[in-house]
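Per-chain residue numbering starts at 1, and chain names A, B, C, D, E and F are given in the order in which the chains are listed.
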């Protein structure tokens, strides 16, 4: 069966897709319609369901898998689907939303293994125990959550995958600069975005929680470290713990980006720069994948709204 | 006995003062001298002690009360003292540094009483218990610490006095706008700067702690609320607790000023504006007090480096 | 009779409303329609009048009261009215536009009384005479005009009400800080936005005048003070007059906000901060009133485009 | 007799100079000294007068002409004079301060003549009358004042000269763009900086007045136009008068530079740009004059602190 | 025959026009339509061609001249044409696109003559030879290209016309300030925007080239000077050549506007300011031409999005 | 023999050092003195030579090696040397300035070898030839020049060492992200700062050249690529060459930092980020080396003036 991104213009198709969004609106003729976003592992596409009955509105909710019969069209330059027929899946058909969500390109087991190996390289006892404690506490969410609602790594497992890639970069960089405290850098990398498991609602239909909006993931993970210290009977005012909290609080680099303090230790600055590299690589790669050589990508919001050129013949 | 600020130019005097700073430096002639700042409750003044012996350097340390015989002069537009004679106080002379530090203009007992009264107006049980817990935990420091190293309320008891004045303003404003949640505003005001007892070293020779520099008082008090919840068995994810944490985290108003989130609830915005009013009133008043009518004050760093005009005949 | 804001979705109704705007546009089918905004004291709502004849276009003008038979719907998330029938009011029906405009929550007489009382507290003779002269000169407009075209206090009487609330705040703050020159602060508050009676066209269908756009209300009121001095035979270079002009010119606080000078006297800074408090309280309150507890308000343009959270269960 | 700028390093000299500044300070040895700035038409130089007696302090005041016997030296890279002997001028010696101040390079009579000619080209009756009225009212000051305390045209007659050069540029530009309203542009140019006669204290020992600091020359001249209208019985709300006031208020171009409104009519934008050209030409020319070809000028504060290169062999 | 800008609302007409843009889109009914922009020497207008067949889509391409029978309407405040009939021109009808493009208001021959005269005023041999070489190399494009894709001088010949007007301004300014090196200023003016012949694709259907986007016209003309030096056997490190390269690289004035260096020689600063004057005069004049006296122009993107007022009765 | 950085306070010593700077100034007593900066491979220190005769001023010039007998003191918190005796080196003593300059920590031969190996990984023929051509043309300077006048890698060989470290980082990052065009990244890295051999004067007494100040190293290397293309008969408008020029022009990342274009291809963005990492690692490491654990470094100008904390016991 074809995937959403493989359809050509004017192609008629039938496929199973996940309803990502389902907003009910009023048409100019006074009747209701549903503005759908459908999703599979290749990407997503919008489509309008006109003259929706109350029954249909109740039936087709976000988070459900449906059988979609449609035609792939273009509307104002964007892909869209003309819905020919839509129904819920039958018992003998696939209905697990997880099958239709984008996923991290590395298997969870491999990621877990690599994190576990890294834990042995965190030789400071306080950092090691805090990291183990929190990875354990949020194990399920860590490997399930995206790294963001949109922008970069906005897919299931994106949080762990983003963290893992940063760890790999961190190891390369540490090799080049032995003056870096590797234990501290690795501990900081593993924890830096863990607050996102409290900031966001999860992998499907990702939204910000109230705590996410009012406190933010930087402080949320700092509070988790504080509570871990209480439980592990580590003084949170030991200098190594203060320094670890600084690592996570400072990782956005600038006050304007929401860090309450700018990096004031070497490893905190490097953590911030590694984060930048992986986030921008992920955003640029996604954009470049959707553009032909010799053309420009769409503007990337998270990169100051720049569009990038994809060179040809090089 | 006269106070420092009452001396006239070229006046010779003898008085007891506190050594606020004592920096040892090298003169152009290769000999050491001590650059003193002396202080009493009226203010402070600089003076150089030339050709200091190793013995004198050891004897005259910051934090000690001394008997100073000097002449009040002016150097490059600033007051300074020419030191004629200097000695440590004798057993029968006053030697308590507390006698020579600026103090809040309201007595501690009165302030305590007013805070206690306010606690009854915080009707939300979580907020009430958290505020009581933390006021209790840091009672001594709260009434002793300054509100800042320099700039505004940089005197003993300044933290409590700044908080109290804000409470009074908060009550007036709440009267004008009944839509404000008074409990929340008062709880937020009381806690907003409490992290300074961890950010600063104390009332005398005030410096930033490592945690103050690397974490900052906004997050430090947020962590205290988190720990209080654990001890008081309040869920820190109850919405009222989230909202209280937001109050303290957002009170600098702008990300550029170190808040990890901007105010997103009405009371948080008002807390920020009340803080502004009291801080700027205190800075302007200090500056205006030292300027003659018809002249301009010194530039005030904390107010975008503006100097203010003191009108005459109005 | 119900008010606009009391209608429920899909409710059919008949009511008298004021035409606030009536823009004629061309539909996709080549026929003209009128895009109406209807208004009563509870708020406003949009509605389209399709296939409008030239006669209807001439008849239904902004500023008239009409009898509207319609159905309350939702279009792209915003309330709108489907117009079933529309006609001008008959002689025996209410037709005074003033009946359908939002109003200040305090009666004009009460406001006048309170301003008059305050005049006795302005003890400097120049300030007192200038304020009396200008309040007298623009008495009608002062109690009729809004404080802005949109954003805060955008209703009939909004200018006087905004000024009055600021006066009340000013009195509370002066009580806390006796070093403030109360006469000056009150005179400055009363005059600070009076230039809006020249900047705007009035309470109904409020627009900017040419002088409003090219000169602005800060300088317009400064010019009024200058002319008042000529008429009252007060030298405009007396220091107290200079200081009063500074109060009104500096009240936007920052050059970027249109003040030609930043506050350089203590009372000017405080005037600016009081203005901030009342303007933001009014904007936040309007927004919060339209949002359910547990949700976020619309973004507020005048507050750096932030949306605010309305806590629940607190 | 040589001029200040013609002296070579280590040259001993005797000349008449004007005392521009005379600040009394305290030396490290506890004795007073006078920090002088001496001036003649070629420029100025600093010099310290050590061990000054009270009598000497009283005798040598700013604004007096003195006979100076000194040696031209260099101190920390800057020219300075070692004072060998200093005395007041005798009755038979020159003592008019005006002889020692920098002057505009065009004679006052020529400037007056050129302004008079231009008045005939201002064909709008309101503008013509207002400009004549104000030029007449401030005639003496207009031809005497500098255009600024420091930065550009900071010399006697600088205000009129700056205005005249702008008029000449304005005429050239109007020839290129006939769509410009020449009357308006010329009226705007003549009035744009006239408020400086109220903002500054005069040509010698130039300081800001209180009105200059608290109101600023843009609004000061706007007020003058307002008062002129009252006296000339011109309505200040006639559109041409509004537009003229806009010209002077907007001429700093950006709110950040102190204009309460940005240019909103074509001629106001061009007035701003002409002002820029003449101000920057004057600043660059002064700086370049003091630098050798092949070297860089000092940093120019008024041009974003840039230093300029003076090319050689071109 | 009438021109586009001369049509009145609801007027039916027939005229020859150039297809400037022809975008194919999908209507809500699922059928394709062509969104046209038609152009003649007076300006341009949009119009939609509904239910376009594949044949029509192929036939009506941008860059072709067509015979248009339509009705001039208004849609959402903007002029638009309702297309009644559309056909390609017949052999006996005009079909040269150049006949329908806006043109510089000065004839090419006159411009060439004026540039040639100016070359004699560039007395430095290096500058003279480089300018001649490059004007010769890109002669055709220089007189054909617009000065920008949109904003100012966006018409055929706009580049040469913009350059010529700047030269005229440059000559007036040089007369006022003889300290300016006229040779250098004129050489800089002629070359400053010449890189646009490589940055843009040409006069019709103007787009940015890849080199335009990735390198920009400032560096592109700098490279041309470098190559010219190689061919003319002039050392590119001679100071006069360095200075000329600086002129073109610095002419945007600020780093934020894409200059890799800010102006550091007097003539470079003046070149930048002359460029500002002509660009803004052209943008303001275009906007003002389309607005009635007593109204405001559309917002002008290139002038910080300001709209300008067109005074009446002045 | 001890090195400069190994001296303790008040230690008397004799050593050979290089005169880095020798500024002649006038003391308050009217006599000349020389303000020296002495340097060896461990760092530098200042010292004043009082009462310098004309002969001594002529003898002790920057760039010479001298025998210094002095005492290591502290002046206003900074290390300085009290000069007891100073003389030029004798024929039998070391006099090669190169022996006293800081050097890259990797040997030139090793660096050359690593660059040569990398050339084989640049598989695009144009890029390969251009890089080889320019490395060859500026071979001597590339391995001799510093990467900056001050800030980071300000030592002999710093340019090549900075480039080499970036290459190593580039290779690690490319391994993590195979979507990066490695050839392009490596070519861009090698050339990105090569313009510094024209921007700066060399390794000793490093200053900016006129071309460095007026054109800057980004455009200077772009011009070198342009000229290389002419000599190698490669069309500079081939897309791969355009892209390579973009790499060097965009590597400062932001217009405000002097790039005429922001990165618009993926590899250009990554080049910029790698540059950031190595520059900041070098600046932080230098600063941290001079600070004790538990203290803060000096403020680092190139890192937004932050000071960094050096944790202890971690």
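The definition used in the following text is that contacts are C-beta pairs under 8 Å (C-beta built on N, C-alpha and C of every residue); 3 or more make two chains touch, one makes a residue touch a chain.
It should be emphasised that the depicted structure is a prediction, and the values quoted were computed from it without experimental measurement.
Novice: Show which chains lie in contact with subunit B and also with subunit C.
Specialist: A, D
Novice: When contacts are scored as defined above, which chain pair ends up with more C-beta pairs, A-E or E-F?
Specialist: E-F
Novice: Provide the C-alpha centroid distance between subunit A and subunit B, rounded to the nearest whole angstrom.
Specialist: Measuring from centre to centre gives 44 Å for this pair.
Novice: Give, as an integer number of Å, the spacing between the C-alpha centres of subunit D and subunit A.
Specialist: Taking the average C-alpha coordinate of subunit A and of subunit D, the gap between them is 61 Å.
Novice: Which subunit B residues sit where two or more other chains touch them?
Specialist: In subunit B, the residues touching two or more other chains are 210, 213-214, 239, 243, 264-265, 309.
Novice: Which chain pairs here would you call touching?
Specialist: A-B, A-C, A-E, A-F, B-C, B-D, B-F, C-D, C-E, D-E, D-F, E-F
Novice: Which residues of subunit D touch subunit B once you look at their complex with the stated criterion?
Specialist: Touch residues, subunit D against subunit B: 25-26, 30, 210, 213-214.
Novice: If you look only at subunit A, which of its residues touch subunit E in the complex?
Specialist: Result: residues 73-77, 82, 296, 309 of subunit A touch subunit E.
Novice: Quick one: which bits of subunit D touch subunit C in the complex? Just the residue numbers, please.
Specialist: Going through subunit D, the ones touching subunit C are 210-211, 213-216, 218-219, 222-223, 226-227, 230, 236-237, 239, 242-243, 245-246, 249-250, 255-261, 264-265.
Novice: Contact residues on subunit F for subunit A in the complex?
Specialist: On the subunit F side, the touching residues are 124, 165, 168-169, 172-173, 175-177, 179, 181, 184, 239-240, 243, 262-266, 269-270, 273, 276-277, 280-281, 284-285, 288, 303-304, 306-314.
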